[in-house]
């Protein structure tokens, strides 16, 4: 009996001990084998390139970096949970407007000006650095700046025997032309509601010459008539077969644009997309189809190009990181070091760092389409700086719900315009702080 | 023409290539209670289900009340069945259980009530009508099952081992009730059981089945007195008949001389058809063996190896001297003075003895029974 | 000395710890959160106590009302359909036919695959405008339907995603059917009841315990449907498939409104609890529980 009891006791204690050791937190890496964590999103080619860059970093500096990477869908949710829970990585790739979520007062991320011995900030111009500064604290460094440009499926347009449009009116004309020459399934341009909202914003701003959102007054910076234009643009583009209707797009279910079958086989023949991530879209095209940069469409008498030119993605450092110097080293490597620059290439758009640009240009690593895009951006008149609140989820969804209702015929054009003006203003009042 | 309620003509049934009923023919007269009896797997339940229509024969014909019902639906045969497990609808009250068939038939409510109450009265269930089966005892449930059958006023009642699920005391009681019911309703009934006591006490006629064949059909006493073969002899009568291997010494018109291991016997026999020198089996029931008094002539001698005292009677197991066969069982008075290992001398009542040929068939009959009406059917 | 009680308690500590950490604590925490204006990206200390204002806000929220309506519609359509279908198939599979085992496995297979994310992605393709279903319909000459693009039919694809997993309910029904003694049907045959009458007067009443169990399980699961709307339709079009669990998710992780989202999830919890309670109370009126019927002549 005693032997039995003893045996049970030891088994229980042994099992508890094993369980407890399994629960223990991983010990911080000893200083000789330092390990950083870095998170980012992207397509598969971006992942490959980044991992290669991290490998080179480890070779050079002896610091191991653990990469945590996902697609874009859900990345913000994940990062938010990590930040709230105190488990955020040391270096994070963030979107420009996420600064309003995490560091409105500047304390949400590490102050990079404290790390200038490791990070060369002189490679970045003042405007760029400004877009990463909150209440005087430099929270994030832009990897590349980007704007949405018109990228059209060259192959499909050639098949239709049509040239790329150079004005808005020509774009509108392409709609019926596509339908006539290629059939009902073909459209000259496409995108999620998200993309259309950006397009319409550009259109309106070209007219007003002002940012669409005024964070001070917490309201729209335009007139009701401008919102009629906004709604009217959607109505016209879907009516004239320029842009697939809401019903057609919804029939494919909840899918990313570049993964939709009509995009892949060239039927939806264009996208209004960030130049920094255009590779993601050309990657999925089937066969030998190619994308071409189309001329940027301007309204006659446009006061500004209306482009929302802002950091495509930024690197920030965890405010509570245990390795600030190492993190700075990593960012310096990725953005300014020749090996890092070469490894990353153009996977995150054309880098904004002067050193990177010069190097890539010299070594001929900038692809023609990126070169053209940069050239188009360089010559565009971009004075308007949009408020990051434009990309707030509630604001975006506010626009989307109304456009969707318009698309499904629940609202007339005029009603949609009124709703846009009234509802978006109300939303801005509620969410802007 | 015939007063047969049920007639089976060369009925066969095969399950999965295995023939379970091998050509059975029999008749049940109107008002008779016929018992199908036999060991497990003999096919008695199958036969009952064939009559009920829950199975269809592979070949042969079944007639009920003069109609060919071989392929008729169970509800159109004029039969009602009492199941071994009673098959009461657990979610319905006793009243609804009994009334079920009538409701299906679409009888008017008043008539249903009248009939159900009548049946309930006959079975003393009136005070239980509102209860559900789970609130009843085994005996009560069984009466409800019977009530359900009665109320349909069928041509034939079918009973599938209805008392098997009851304990011994209740079984005896219910047996009496069923017998009384049968007398009162004078209903044609086919009753299946494996218990030969039920068979003997309830039946007007017994059908002994073995491996899908009829061994013998006859009244209970006929089967007891004149078993047609070894199987029936061993099955009917409890405890079972003792058997001893023997050899025929000589045959005469009114007796057969036998060579037994211990002794020579002359068994009174009429109609014996056997040759001298043949190997036979000699049978004697426990109740026909007695202890020989000291001055009496004895046929056998042996030692007592086991005594079972039941109070009212005593069973003694006796091994014969110089014999390796099974011990004989003998039935004695409850107060019989006997002790284990006692040497005993046995007397056989030769007028109640039995004789069976090598193939198991009976040889002749005892002269005491030779003039009794014999309805035995030899297969 | 070690007593058995001590050892016993030690054996159950893993479960107790797990329960406290992953069930009890989040349960209580979410209720507390629902009374605050917590934001997901802020530290919890920054949240303010706002009493029941999240709940009053909910009452005025038209999106919530729409989501609630959509959720109720979904549950009231899917649960009866699924139960009826599962019962029907179970009855069919209860017949003794050759190779019936193969069919039972085949019908149960969808349940194993379930309604996971992978299956939802497949579903998205099946119901797309150019998807499998329309291709099949075209094969028999019926024009394509915009399953996912029209508010009326988008819900249909989500309903079907749940319906096709009827296998688990079916198996439970099968077990219930097999528990009904064969001789009850034989007695009914002799009494002259048709197969249909037998189904309604014998099978169904005796199946009510199993029916009750399945009903509760299905209701609880249906109210919590998430994968379908999230993967296939994103709650659209026009919020026609915007089930409450999806709204809870979006409020928390898209709009970072942790307090409001917690309040929503508590409302969902109360709804499910009310339904379950009503179902349990109604038991005594329609569910028949058979007692052990084994007896040897007495009770």
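The first chain written gets the first letter, and so on, giving A, B and C; residue counts start at 1 in each chain.
Heads up, the rule we're going with is that a contact is a pair of C-beta atoms (placed from the backbone, for glycine too) under 8 Å apart; a residue touches a chain by one contact, two chains touch by 3 or more.
Predicted model only: the values in this text are computed from it and were never measured.
Contact topology of the protein chains: linear, an open path with no closing contact. Distances from each chain's CA mean to the overall CA mean are smallest for chain C.
Most remote from chain B, judged by the distance between CA-atom centroids, is A. Mean C-alpha position of chain B lies 58 Å from that of chain C.
As a whole-number value, the distance joining the C-alpha centres of chain A and chain C reads 37 Å. The mean-CA centres of chain A and chain B are about 92 angstrom from one another, to the nearest whole unit. Residue positions of chain C touching 2 or more other chains: there are none. Partner chain B is touched in their complex by these residues of chain C: 181, 183-184, 186-193, 197, 201-202, 205-206, 288, 290-291, 293, 295-299. The touching residues of chain B, counted against chain C in their complex, run 52-54, 73-76, 79-81, 83-85, 87, 89-91, 100-101, 104-105, 133-134, 137-139, 141, 148, 152, 165-167, 169-171. The part of chain A that touches chain C in the complex is made up of residues 5, 8-9, 12, 16, 19, 77, 80-81, 83-84, 101-102, 246-255, 261, 393-394, 397, 401, 404-405, 408, 410.
The residues of chain C lying in touch with chain A in their complex are 2, 7, 10-11, 14, 40-44, 124-125, 127-130, 146-151, 154, 230-234, 236-239, 253-256.
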